[in-house]
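Contents: one structure, followed by commentary.
Think of it as A, B, C and D in the order they're written, each chain with its own count starting at 1.
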Amino acid sequence: MRYAYLGPAGTFTEAALRQVVSPDEAQYLPQADVVSAIEAVRTGAADRAVVAIESTAEGGVTATLDALAVGSPLVLLREVLVPVGFTLAAGPGVTLDRVRRLSAHPHAWALCRRWLAENLPDVVHVPATSNTAPASLIAEQVATGRPVSGPDGPGFDAALVPPPAVQHYGLHTLAADVADHDNAVTRFVVIGRPGEVPPPTGADKTTIVVHLPSNEAGALLTMLEQLAVRGVNLSRIESRPIGDELGRYSFSMDAEGHIAEERMGEALMGLHRVCPHVRFLGSYPRADGVPADVHTGTADDDFRDARGWLATLRRGEVV
Amino acid sequence: MRYAYLGPAGTFTEAALRQVVSPDEAQYLPQADVVSAIEAVRTGAADRAVVAIESTAEGGVTATLDALAVGSPLVLLREVLVPVGFTLAAGPGVTLDRVRRLSAHPHAWALCRRWLAENLPDVVHVPATSNTAPASLIAEQVATGRPVSGPDGPGFDAALVPPPAVQHYGLHTLAADVADHDNAVTRFVVIGRPGEVPPPTGADKTTIVVHLPSNEAGALLTMLEQLAVRGVNLSRIESRPIGDELGRYSFSMDAEGHIAEERMGEALMGLHRVCPHVRFLGSYPRADGVPADVHTGTADDDFRDARGWLATLRRGEVV
Amino acid sequence: MRYAYLGPAGTFTEAALRQVVSPDEAQYLPQADVVSAIEAVRTGAADRAVVAIESTAEGGVTATLDALAVGSPLVLLREVLVPVGFTLAAGPGVTLDRVRRLSAHPHAWALCRRWLAENLPDVVHVPATSNTAPASLIAEQVATGRPVSGPDGPGFDAALVPPPAVQHYGLHTLAADVADHDNAVTRFVVIGRPGEVPPPTGADKTTIVVHLPSNEAGALLTMLEQLAVRGVNLSRIESRPIGDELGRYSFSMDAEGHIAEERMGEALMGLHRVCPHVRFLGSYPRADGVPADVHTGTADDDFRDARGWLATLRRGEVV
Amino acid sequence: MRYAYLGPAGTFTEAALRQVVSPDEAQYLPQADVVSAIEAVRTGAADRAVVAIESTAEGGVTATLDALAVGSPLVLLREVLVPVGFTLAAGPGVTLDRVRRLSAHPHAWALCRRWLAENLPDVVHVPATSNTAPASLIAEQVATGRPVSGPDGPGFDAALVPPPAVQHYGLHTLAADVADHDNAVTRFVVIGRPGEVPPPTGADKTTIVVHLPSNEAGALLTMLEQLAVRGVNLSRIESRPIGDELGRYSFSMDAEGHIAEERMGEALMGLHRVCPHVRFLGSYPRADGVPADVHTGTADDDFRDARGWLATLRRGEVV
């Protein structure tokens, strides 16, 4: 199996991919960005893609959401959670008190803002193009015998990098577990082409994209009621512009349950009937294994029982 | 076919029954009250019952609603509308200016209150036990040669009776079309034992009785949402006490549509799942022939299409 | 104070009135029917009326509901609960095994149907015009020396009467506490002309009559949402026809809380804005003393706090 | 007045700022990023900031939304719409058929993806750090006498830039009005410190940030109902993670109407009562001047009338 992912080595995405399959058992195909990883599955260059879809700090990863929402159909097969703590790392000989300029991807910077304000209040932010780019630059300086900090260095003195990047690029750690929130986590998904849906486990999620029936007030209420009336809970809802004019949104949502379950099936059919566009993006096991909260009257047996009851009534056999 | 109905001859119920079947083609079985008419079908003493279920002035006929809500199952097969205008009638020789005491069933009195206040402001109400009882008493006086009004009469000088009773009992008309509202109408239903459901016509009603899932605020909202989310309109809703304690209600409702239709079937199943008790009382053509207002996405084709779409998704063939 | 009520002596209504005020302290004015009692307050012939408004077995007393819903304004000042158990009583010398014909008001008969089916399966129902009428007829037979049962009696052998009527009319008890439901209770209200509203006690009810904004599906939902969104619970809801055509309803409702409370005030204003007609029928202490269930964010302090917050924002002082 | 904005000269933000005030009448303070522009108002370094808040293609500008949602309070005073069409521009002598590498900010690239696929199918994307950065690089090449395209050029042959940048940087146009959607527009807001709220015009927007009362299903429905029941429409709703754990969202919303209006005031108070956090970000005129759609019963007069009615009832004067 060939797995496309946001590379290079040392990224959080690679850490997610390692949870899915070891590099001994599959081919890792690092990509320059999320969209390229997803497109690799569409073109057949990869069998699967592993991409971030949501983080505690940044919310939905819009590139992922948008790439899944349009184009040829893809499905989510699994989700993986990766705790997001950065390591403040530098090249050989650099100490924390000498750090004046700090390289970090803007997302990483946002996630550690409070920690930095407290621990390095005067540090200057040097934006990096990815979480591992500054590690790579330091390694390059080392390899070519140039300074790793100061005026002749790579433009910065230290960097916020994913923990796996420290060893991979030969850096040393100035501070570990740098993050403003203890529970900071990024959620990754494994993407494949449509085929068999993973069987229900009792603790599943279903991901969909829905366009609202109208631009009017109440359209969002109407859509949510299709789910609520069948007892289907949402664990994520993200608005995205449809893009043709202001005020038109699609919603990317994770609902608790599996498409094979009755309540989810009826809710999806309800959305399909009243919304102009519904895209099913897969049913798959929840990473946290928490079983869905099934309300009274919405278990599969309740639906089957109701169907039997209705059939009896329709035959004229009142019960 | 034997038809039980609220007799005797000359009642509004008889007028309704005549709309259903002529006395030449069926056996008319007059009953003392609505409950007896309904029970006659349960016991097999009659094949059908024709009873009032609702009137513009009085609302639901509680005796009918309650007799249908419990006991062995019965179904409504048809509805019939009868305009409710009374005739102010009297025995031979009585003129309007001599009417001091007026016999009327309390319901009839209520329906004509305003007319009477304007036209006979000082008249005294003598309650009758049925709409035709005073007509029968006048006829008896005539038959036995006694006065039809005044101190030695039947206790009153004139009566409010259903128009058919005038001729039947040999009365004469003092005023026709007596009623406070021009659109006053009573709705009757033809009741039978469960068997085949009348086929859908596109302009049908479905009658149900539903107990609320709980006594709490919001339970009624929850129940109504099961209908609204499938686009099922209500044309009648009546609360009735369940009878075990204050504050516990059942609701008797007429919904627009037929049980054979998809949206009605799914709405009924939804009620069956979340409400402790749902009794189906039949799907039958509307007397006024007005087709149901089918909202976008709730036609049978929409449901079938959604079912096909879901089946495709469940097979892993994303569309 | 003069109190109009449904007489004569010995009725359940009189029992309710005795809970309100003793005959030594007020003038009791028995009336022939509920409407007359209510009208006596309107005309000034009485200061107060005590009438039944709801019973566990029969639901809303439509005569009371309708008389309050239209006409010059009246308000409810208090509610009183009276347990409804009948006494099976007869004249001197009559024993239970000799009871063939039983006089009972149709409501009383309905409330005891199951008890009668078990204990007097073959008894014949002789409808009475009121709960106390048969007691009065027996007393009259006794007074005039005529038989109290059998062919020459008053037309029946025994009667279902309110307990206070047994002693008042000199009957004797064949069976006490006759009722199908242990919790059978009738709710009475004390009615007066508008004036001061009784102060809130924390355990109050507010009674209103509301016409729906339209005949369309969803109008009832819309109306109920005005209450739900302010956290106002309903303890009673009864539909009544408006009377002009089929399918047009008003709703008579008891809401938990007092008009002096913020959430109730805002809910009433909401109804006033979106419904064509809202009639306030009073706020008064609940007979059972159960305090209202006040949801998070809907206490008076929450409303006052929100008002202060809004005023600050409107002045441009963002908080 | 000093205006902070996302510079340098030639950006879309500058175009928005020019709609607000000419450079002759105010001091323009270009900033490196949106957050810096907003912070300049907080620190007092600027009186106003003009920043993008939403675009048809990308949705909410998360940096703006997040910077407004926390930190010391700021308010929106005005909105400005700027059509987003790019100019495909290059240095002197470059023709369209020679463009192999195209510099564009990733957002610009996303907005023109379809146009590029059709017109320059093989072009290579060279990401730019801002919309004007490539224009500046070309100008630098010209100024220093180096090539403006090809292997020794700035790394690309042409660029997608905002129309004002063409003249400012001395480029020439290869294609104008490049965009996938004709209605592509970006919405900018003028931000200031709290003070006087701009007066209502009848065509206003109110921007708020709301945290949901709970993580449970239905919390979003509950929040939306507070708006719907007062007839307040939404024209924008964006979810943002609160950041402490997955599945916790705040919602940034634009509602139609002004805080000085009754329905908006009551809706805001309702949100304040039931949601743990509501931040008011201002009421200001809509750029399109479309008056709010005021539903029946939700005009200011309806609220005032209801308040008068309630006051009368509370005084015991039933109407």
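Methods note: contacts are C-beta pairs under 8 Å (C-beta built on N, C-alpha and C of every residue); 3 or more make two chains touch, one makes a residue touch a chain.
Please read all numbers here as calculations on a predicted model, not as lab measurements.
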Quick check on the contact network: minimum steps from subunit A to subunit C?
2
For subunit B and subunit C, what's the span in angstrom between their mean Cα positions?
25
Separation of mean Cα positions, subunit D and subunit B [Å, integer]:
60
Among the residues of subunit C, pick out those that touch two or more other chains and give their numbers.
225, 228
Applying that definition of touch, give me each pair of chains that meets it.
A-B, A-D, B-C, C-D
Any idea which subunit C residues touch subunit B in the complex?
54-60, 62, 180-181, 183, 185, 187, 216-218, 220-221, 224-225, 227-228, 232-241, 243-247, 249
Flag every residue of subunit D that touches subunit C in the complex, lowest number first.
73, 75, 194-197, 213, 225-226, 228-230, 259-260, 265-266, 268-270, 272-274, 280, 296-298, 302-303, 305-307, 309-310, 313-314, 316-319
